[in-house]
Amino acid sequence: MPRPEILETFPNPYAGRDYEIRMQCPEFTSLCPLGGVESDAEELAQLQGGAPDFATMHINYVPGEKCVELKSLKLYLWSFRNDGIFYERAVNRILDDLVAVVEPRWMEVVGDFNIRGGIKSVITAHVGARTDG
Amino acid sequence: MPRPEILETFPNPYAGRDYEIRMQCPEFTSLCPLGGVESDAEELAQLQGGAPDFATMHINYVPGEKCVELKSLKLYLWSFRNDGIFYERAVNRILDDLVAVVEPRWMEVVGDFNIRGGIKSVITAHVGARTDG
Amino acid sequence: MPRPEILETFPNPYAGRDYEIRMQCPEFTSLCPLGGVESDAEELAQLQGGAPDFATMHINYVPGEKCVELKSLKLYLWSFRNDGIFYERAVNRILDDLVAVVEPRWMEVVGDFNIRGGIKSVITAHVGARTDG
Amino acid sequence: MPRPEILETFPNPYAGRDYEIRMQCPEFTSLCPLGGVESDAEELAQLQGGAPDFATMHINYVPGEKCVELKSLKLYLWSFRNDGIFYERAVNRILDDLVAVVEPRWMEVVGDFNIRGGIKSVITAHVGARTDG
Amino acid sequence: MPRPEILETFPNPYAGRDYEIRMQCPEFTSLCPLGGVESDAEELAQLQGGAPDFATMHINYVPGEKCVELKSLKLYLWSFRNDGIFYERAVNRILDDLVAVVEPRWMEVVGDFNIRGGIKSVITAHVGARTDG
Amino acid sequence: MPRPEILETFPNPYAGRDYEIRMQCPEFTSLCPLGGVESDAEELAQLQGGAPDFATMHINYVPGEKCVELKSLKLYLWSFRNDGIFYERAVNRILDDLVAVVEPRWMEVVGDFNIRGGIKSVITAHVGARTDG
Amino acid sequence: MPRPEILETFPNPYAGRDYEIRMQCPEFTSLCPLGGVESDAEELAQLQGGAPDFATMHINYVPGEKCVELKSLKLYLWSFRNDGIFYERAVNRILDDLVAVVEPRWMEVVGDFNIRGGIKSVITAHVGARTDG
Amino acid sequence: MPRPEILETFPNPYAGRDYEIRMQCPEFTSLCPLGGVESDAEELAQLQGGAPDFATMHINYVPGEKCVELKSLKLYLWSFRNDGIFYERAVNRILDDLVAVVEPRWMEVVGDFNIRGGIKSVITAHVGARTDG
Amino acid sequence: MPRPEILETFPNPYAGRDYEIRMQCPEFTSLCPLGGVESDAEELAQLQGGAPDFATMHINYVPGEKCVELKSLKLYLWSFRNDGIFYERAVNRILDDLVAVVEPRWMEVVGDFNIRGGIKSVITAHVGARTDG
Amino acid sequence: MPRPEILETFPNPYAGRDYEIRMQCPEFTSLCPLGGVESDAEELAQLQGGAPDFATMHINYVPGEKCVELKSLKLYLWSFRNDGIFYERAVNRILDDLVAVVEPRWMEVVGDFNIRGGIKSVITAHVGARTDG
């Protein structure tokens, strides 16, 4: 289950300047949801369902007063590991969780998912407008 | 024969936010049409015509109230497999079929076809205007 | 159904010299077999089974008295398009069919199949020994 | 000698929609012109002049009422094979010939020529303005 | 916990010929072991230990009487997902499990692990000798 | 400790024209800061902390009256080698130091840091507006 | 028509040492033969046959007393431009012509032909044995 | 010493149309200047100074009434070979020399210099404004 | 100063089988030695000497009874950070230090150093003979 | 004129072990010889002959008692800058000069020359036999 309470921040050391931070997390993994029921590791092997999904998750933002602490971001992303969640929900959920904690001037989350059934998916969502152009 | 009736949707979980979904389908195949007559697998080998075409089909959209269900999209694209159809028609037909079912805010279909006669073709069509910039 | 009777040859113009011919066919497609029953295009869309497979097929050989005619090879490979066949069988079947018609000094077939269920497969089989070192 | 009379068109199947067609022809070849005189294959070997040029020719357009027929385009491009012509003239000539026959809403021709004398050249010309953005 | 009992085989359709099967599984994931104690998903987030490992697992073999069934292989590899295991042990364990079930003439397992602490590791182990040269 | 006093400039030889200089420094290294205390080389091996960070540092600018002297820039970047500093601070500090000395019309610093804990970071900051478009 | 009489040599400046020369000629072009009749540029456009072939031709050798002069090699390869010739014949013909003139200790010709009908071909032939290993 | 008097032009064959010519010259070399004194080949080896610089020089322009002749451009660029000149000066000097002779509607020169002291430099300067968008 | 006493090992979990471990460490850095005197960080900036070197260090081995512990290897490689050492000595020293502690059946160290003075260097040394072929 | 007297060596610090050093010099340049007469920079621009050649020069060796000093190697390679010399002679000359000074157990020189007249050349020569396998 995603655990946004893990996320930590530190004060932006250059809050007076609009600048951009881009993070690329190539080791995101979650489970494909099984008809609404919650899947766990036990069911995984037995039911041959809840197949693992893999993605590179890009998190880009212009910080306001706070920056996200890298280690806590890593742990937060790990907390999706055994969670059943759709692509669209995962990307928007991560955006919402991060915006709530980091309060950035602009933030974008891009989920670049591995091919499934011969189809590759990339989902992009953002909050706020760029003003650092 | 293309079967748009296969296409299914699910409710957009974040319909209040403009975000983008990009899907890449590298295994699209259809047949080159034979002078208007409909080709099938039997004729294929005998007439030495109706040669197979191969493409990567890109489908990008900003969802409105609905998202296209991935498995149904895969089956819909498979339904072109033994259909004789021109490049320009295939791309625009897929765009029309998807727009009718998914009712997106913006949708773009890009057909990136394999080289034929020493010429590579890429066809791009879209419906709607981007508002999520 | 594979149609080896389509294959044609022409006399090797330099039969006195051991030399190598390598052909790469990136547009091979067949169907995944459905429990022994034969799949066709109709079932394809309805049963959501008999999913298409895609491969690059490599055919490498040292010709003896005959060379395979390219256009007939293309048509022979097309004849797998609506056939349900396992990876291992497809590669060995193509090798057997070609060896019977071309009678090469050495021949190798490599099937490099697209990823399925997160797993990519490459099957390599050969007949004869290299003597052109 | 370039033969624009070879070019054929077919009616745009989706003329009501602005969409883009991009064609890439990596096998364009012509001859370097020899001081105004016309070079042919005989002179080629004897005079050690009229050296072959090679290019990838990109032809991109938004069709109006007509689309260019692919096979006729291929033959038209082949007709430059033994013609002595400068880079700048070839690109603009192809653009003019195609615009006259296809009457597109927008068309661009890009000639990407192989390195000569340690210098690589890319020439880009277009007619009309994009309205499908 | 790795579950070799999931692995299934089917009869090698060309058992009379030595040929090679190479499978590439880019979505292998397990956990880094925590001092001998067994880690589970709960501990994962709380203890900030048992960090996920990611690898591409290559499984190459010359089949004897049996081939490994692809879907069962996928499920077997999934069963490492929440298991704490060292790199060296994972690669050799997979080799042992597969050799016991598939009884190949030759088999090689290569684990290509993602960078950790600025160091990338690739472990290669095999059983048997190549005779299909 | 960063030593901006090392930075030297030379008069811009074409100060009347807006033009752009882009420099790419793939060998930037510093230390991860240890809880505020200053780390040095001695502590590095003993405390097993203050781990090295590596980045490619991009410095792009439109010069005013002065250009930065390349050798002095190299030495200035070397002076971070045994300094404990956060990513965000390093990028903005370099920008501030260079702007103070070079007084450019526009300057941008991009720090492209190596993967840490499975996450890659790129930080971009700039001062001034482009007028050479 | 291929003109081997164009080929020139110069004395190998280090004939006492076995060393290797590898030449790569990415601009080889000839015509596909039309049923034995000889095609020329006129027929090319009218008959829609004798389609151009393109290849990268690799010529590798260990010189004996002579080296091939580069400019004459270029002109010799140009002399195939309007010649109708099969792949297998072109590669072996070039090998024979060069061996007759250059008398190398070992020579290999590799013709890497562009894709035709969805199939790419590479032909390799050699004369002599390597002794410089 | 740069010799702009070598530069020749020919009349733009399509002067009525704004189109773009891009040339890439990967073999530009000059010498690093030695404190104002002029370096020559003799000093080069003896003083261990005046080290060679290497760059790919990009020259992009929209021609007016004239196009630059390729062979003369090659010779002009060669004339920097034994000249001691700074990066910034070389790029702007080439731009000035070419603009004076070619009188283009727009011209841009990009010098992409090899890494020196661990730093790579790219200098971009232009004259005029694009009107062919 | 290199600190081999940091290196730790753990018992090879599959000591009965010859298998290979390949580790790639892209973040090795040391200093160029200054005429025999020992350089430190202070001198670095002041003397403009003792320039940093960067390399990817490859360590490949067939373990005997022991495997090298990854974290201790990382710390050992870090201990070269402020050490002045020649390329040839660094590679052979690392090989000697690791062989003494790990006692492998075969070990190879490859130092792939960044370009200096326009020259790139790769040094390869090994101990023992491969028996796991 | 090549100046082998510039070459310096230092004692091999690990002379008791066979190990390999590979150096890659991507910035080698010389002049194409003009019919035996010696070309200099003056003639270069005037005669439009003696065109510059560019190569990446690979120098690989197993040292005996001596290693080549890198800076002296760089200066030695620079000394070809204004020398007119054929490809075959340059590679073998460099090999001879280095073998005379360094007295290696094995040495190989590979000259990878830029494309000229549409043909790329790679020349490889060596002295001695590998014994470090």
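A, B, C, D, E, F, G, H, I and J label the chains in the order they appear, each numbered from 1.
Just so it is clear, contacts are C-beta pairs under 8 Å (C-beta built on N, C-alpha and C of every residue); 3 or more make two chains touch, one makes a residue touch a chain.
Just so you know, these numbers come straight off a predicted model, no measurement behind them.
Comparing each option in A-E, A-C or C-E with B-D by residue number, the pair that reproduces over half of the contacts is C-E. Subunit C and subunit H have centres, each the mean of its CA atoms, that are 53 Å apart.
Averaged Cα coordinates give subunit E a centre that lies 29 Å from the centre of subunit I. Spacing of subunit C relative to subunit D, judged by their CA centroids, is 37 angstrom.
Shown for subunit D are the residues that touch two or more other chains, namely 26-27, 52, 54, 71, 114-115, 118. Inter-chain contacts occur between A-B, A-C, A-E, A-F, B-C, B-D, B-G, C-E, C-G, D-G, D-H, D-J, E-F, E-I, F-H, F-I, G-J, H-I, H-J, I-J. Of all residues in subunit C, those touching subunit B in their complex are 3, 6, 26-27, 29, 40-41, 44-45, 48, 51-52, 54, 75, 78-79, 81-82, 114.
Contacts from subunit C toward subunit E in the complex involve residues 86, 88-89, 91-92, 115-127. Subunit F meets subunit E in the complex at residues 52, 54, 114-115, 118. Residues 12-14, 17, 19-27, 63, 67, 70-71, 73-74, 132 of subunit B are the ones touching subunit A in the complex.
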